[in-house]
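Pasting the structures in now, so scroll down.
First chain A sits with chain B, and in the next complex the same chain sits with chain C.
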Partner chain A sequence: MIYYKEWIKTRWFLLLLFLSSNGFAGYAVLRIFRVVELKGAAHLWEVGIIKDSVFIESTMQFVPLIAGILLAIVQFAPEMYHKCLKLTLHLPCSHSKMIFSMLKFGLLAVISCFFVNLLILFFGLQQVFAHELYWHIILTALPWFLAGIAAYLLTSWVVLEPSWLYRILFIAISMMLIRIYFISPYPEAYNGFLPYLTVFTFLLGSLSWISVSHFKKGKQF
Partner chain B sequence: MKQFSKIFFYFICLFLLIWIAPWCYAFFSAKNDTPLLTLYSSVHKGFLNITRGDTNGSYWCDDNNVVFSREEADSLLPFFYIRQLITDNRFPDSICGRAFTPHEVNNTNFTFYSNPNLINANTVKLYPLLESQSKRVDLVMPSDVFRTTDDGIEFIDMESNSIEAEKSAKFTKVMLDKGFSFPAKQLSGNPSTRKEYDEGYLVLDSENKLFHLKQVVGRPYVRSIDIPLDIEISNVFITEFRSRRILGLLCDSQHKVYVLNSDYSISLVDIPSFDPIKESMTIYGNILDWTIIIKKDNAYEYYAINADDYSLIAEKTRPIDNNSVFGLHFTSNTDKYVYPRF
Partner chain C sequence: MDEEKIIECRNLTHYYGKRLIYENLSFSVPKGRILGLLGKNGAGKTTTINILSGYLQPKAGQCFMFGHDTLSMPHEMRRRIGLLIEGHVQYQFMTIKEIEKFYASFYPGQWKRDAYYELMNMLKVAPGQKISRMSCGQRSQVALGLILAQDPELLILDDFSLGLDPGYRRLFVEYLRDYAKSENKTVFLTSHIIQDMERLIDDCIIMDYGGILTQQPVDQLLNTFHRYTCRVPDGYSCPSSINGMYRPNVLRQTFEVHSFLKPDEVENELRSAGVPVNNLICENLNLEDAFIGLTGKY
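Up next is the complex of A and B:
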């Protein structure tokens, strides 16, 4: 039931999110195809191998981050503005289950969107590059998509927080945490750290409970 | 859940504190402690250092703090300042009792640089193999790249993204005939057309044997390089210096440095140790001597080496004023990986 409610609330935004993020992924691939047409594939290979370029960073690097932030705002800002969360928490159901079901809905939405983004990149790059090169690009892009998931969970945490004082503190913490995902410009720099970063990212979902506790206590400042 | 989220929140606060606080301290207390340049002068028989002046820029002085004028420094470092000396018509007939032409000096001057963050990085394991005797003045980038697998070497045509079966089989056969064990463990090459000649790659095979691989008139040139049994090569660097006197530099597991001469003989460089995985090394070489600068954790080590037999002429150490504070870091100067470390 709660999933249906979330779907009704976000469906038009999800359509827009799906179209725009996949549009960016498609554009990143089309730009590569265009360079192949103009300068030849060999030129791109040389740039990728010798200059260590991953080609898609200017198009794709911050798309998942923005997508995660916007989805959390669209999903939770109306709840807080219209005080709907109060109604949700009055339903005869476990509070944590309700909140985490809402988060689960949002997470499934961003993850499926990012998955399609990655599929577009994967199949597009496969047309031009050998597996060493396209995996190099995909592995470099994975932390950006994890940043998108982290951005969704952290923005939810911030938006669900009723007190502005805590909200400002949480925004500062969130910005520092998001920095971790963009700390190195080097390709494949996160390879060894990715499994731990993935676990850490999903654990960020638990922070929303702090905001909900504040909400239940009626904290205003 | 409430308990867990609170503990996780405090963990994040602590984590950010030990990451951001030392970073802020380092950011606001940063001072420029990088030494400008130190070179050995065969004319002066000692090291000369560029030193920052209090008011008027930098100047050259020796280890006894004797200051030299710009013109004096030019004459004390004739190989380094050869262009200035030629422009001023001051290039000497002989240096340290030996007559050199400017052409000879230009040909033998070189700079070599090794940084651990170039080694400790995830790179694409595809390598362009240039034609080393193209019969053209300029080198040309090839239309294919190669990879090594468990079974052999594979050339991939970049335009069609397909394997060149015939060329791959030809190179694999020659390499296997020469005793190469696939896959390659380490390759060092300089795939660029901005050089005077191409020597292909120095390759360590899976059994740690050293080979020289290049392409000559479309055919494979594979040479097994004999290394004494007690030396276990850990890192190879192809040099392609203008003089063609040496083919590369080698480091072994004991952190000794060797020169691989162009006749495939090896000579030990008389420096105590260099670990390319952790330390950076810069070499300024000329026809008489090499100045080797090694940056260690706590000091810069300077060595002057005789360019003929690689024996040690002089050495000195400059401690690094380490003002870093304890804290969490995600990146390092010695690698290109991201992970939390103290």
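Up next is the complex of A and C:
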């Protein structure tokens, strides 16, 4: 039933998130279609191969990141309002189960949303590009979506932290960790590293327990 | 540990930074009693509630509820404890109906839905009304209704009177007292508004900065603690402390002091301290006056 609470809290935001992120994905595809209409598919292929362009970068690169940050704020800021988290932790369930179920809900929401984003990109790009070219774009975009998941988990860690001093420290660490996902500007630069980056991203979920432990100890400074 | 003690705190000491909140605070709450922890703002009432509910680790000492250390209490024990957070905080984003449905799922076999809706019907609000759009008084009834529906053995209420107008305070107090007494529940509560406590609590702990001033049944306190006054010459300055007396002071040629001692004992002590006693008047007090007498006006 913890999912019921999370659903009521986030449902309108999730609808907005779903519509806007898919709107961006659709817009990225439509921009490519427009170029095909104006200059022809051959020109687009040429730019893609010679200039190594991925076309969707300017529209999509930071959309998952912003989506992850906003979802964590919408989900966990109400828990910290007047220390409402005490109510959740007072329920007769183990604290770890409660917190990780809340994170699981958020993760399922962002992953579902990102999955639909990728489907729109995949089927849109498939209309215009050859197999190698559209996979080139999708593989380049995957670290951006992993950054979105990392942003969700790191923002949850920051928002759940009761002490402002630690919160500032966690923000600084989070910014450095997020930088990892955007270090290389070259397409497909992360290909060999993607499995490790995926494991690393999901391990970030355990950080929230540090904040909850601080909350339980009554840390204020 | 005595089975009849639902709550027991032993030698609690806590600091915020270098500021001492209290030292070696010990008290217990017996089964079936309503105990009020009374103190001025900043005396450590919410700190004690936070330690009891496991949201604050004291610098020293231990708290037990139902015989379990609050820091390592099994999560199933929380089924037996109802908690009201300061300001009647509840999930603002839920409606009256949604919040009942949510909590009910965590308390199968013990949830009393009718108790909740009986209280909600008094509020004249629609079941679809969001808690964020309710007044503080209405929110207090939602929070109380949820606790009554949970039907816990122990109720912990942190500053239940905060933000409530006299009507809602009275409603809350009467409903709570009636429930606790008829169902033999144990209640531990804090408040900084003392007026309504007299009709609610059986026992009181009065705290000042640093520790407990007294812990006893309210009836006993009101029968034994008195205010003594007498006229003194113009310009008289009284001693700052007198053996067995609380808060001696002079205002417009009237000397005033509070004490647990009997009138003849007070007179002897005052004379020994050099106070020019003349027609000493002994007055009975209500709980608020007794609280001020013990803790002072400032």
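One rule holds in what follows: the second predicted complex is superposed on the first by the 220 of 221 C-alpha atoms of A that agree within 3 Å, B and C clash if a C-alpha of one lies under 4 Å from a C-alpha of the other, contacts with A are read in each partner's own complex, and residues count from 1 in each chain.
Assume a residue touches a chain if its C-beta (ideal position, glycine included) is under 8 Å from a C-beta of that chain, and two chains touch if they have at least 3 such contacts.
Note that the structure is predicted; figures quoted are calculated from it, not measured.
By the document's definition of touching, of the two partners only chain B reaches A:132; chain C does not.
By the touch criterion stated above, A:50 is placed in contact with chain B alone, chain C being left untouched. For chain A, the partner touching the most residues, choosing from chain B and chain C, is B.
Residue contacts after overlaying the shared chain place A:189 against chain B, while chain C stays out of touching range.
When the two structures are aligned on the shared chain, A:8 is found in touch with chain C, with no touch to chain B.
Using the contact criterion defined above for the overlaid structures, shared-chain residue A:38 touches neither chain B nor chain C, since it reaches no partner.
On chain A, the surface touched by chain B in one complex and the surface touched by chain C in the other have no residue in common. Across the interface of their complex, chain A is touched by residues 16-17, 50, 53-57, 75-79, 81, 83, 85-87, 89-94, 98, 101-102, 105-107 of chain C. Against chain B, in their complex, chain A makes its touches with residues 40-42, 45-46, 48-50, 52, 96, 127-130, 132-133, 136, 139, 173, 176-177, 180, 183-184, 186-193, 196, 203, 206-210, 213.
If you check the complex, the residues on chain B that touch chain A are 1-2, 4-6, 8-9, 12-13, 16, 19-20, 121-128, 141, 143, 145, 147, 156, 158-159, 161, 191-192, 330-331, 336-340. On chain A, the positions that touch chain C within their shared complex are 1, 4-5, 8-9, 78, 81-84, 86-87, 89-95, 215-218, 220-221.
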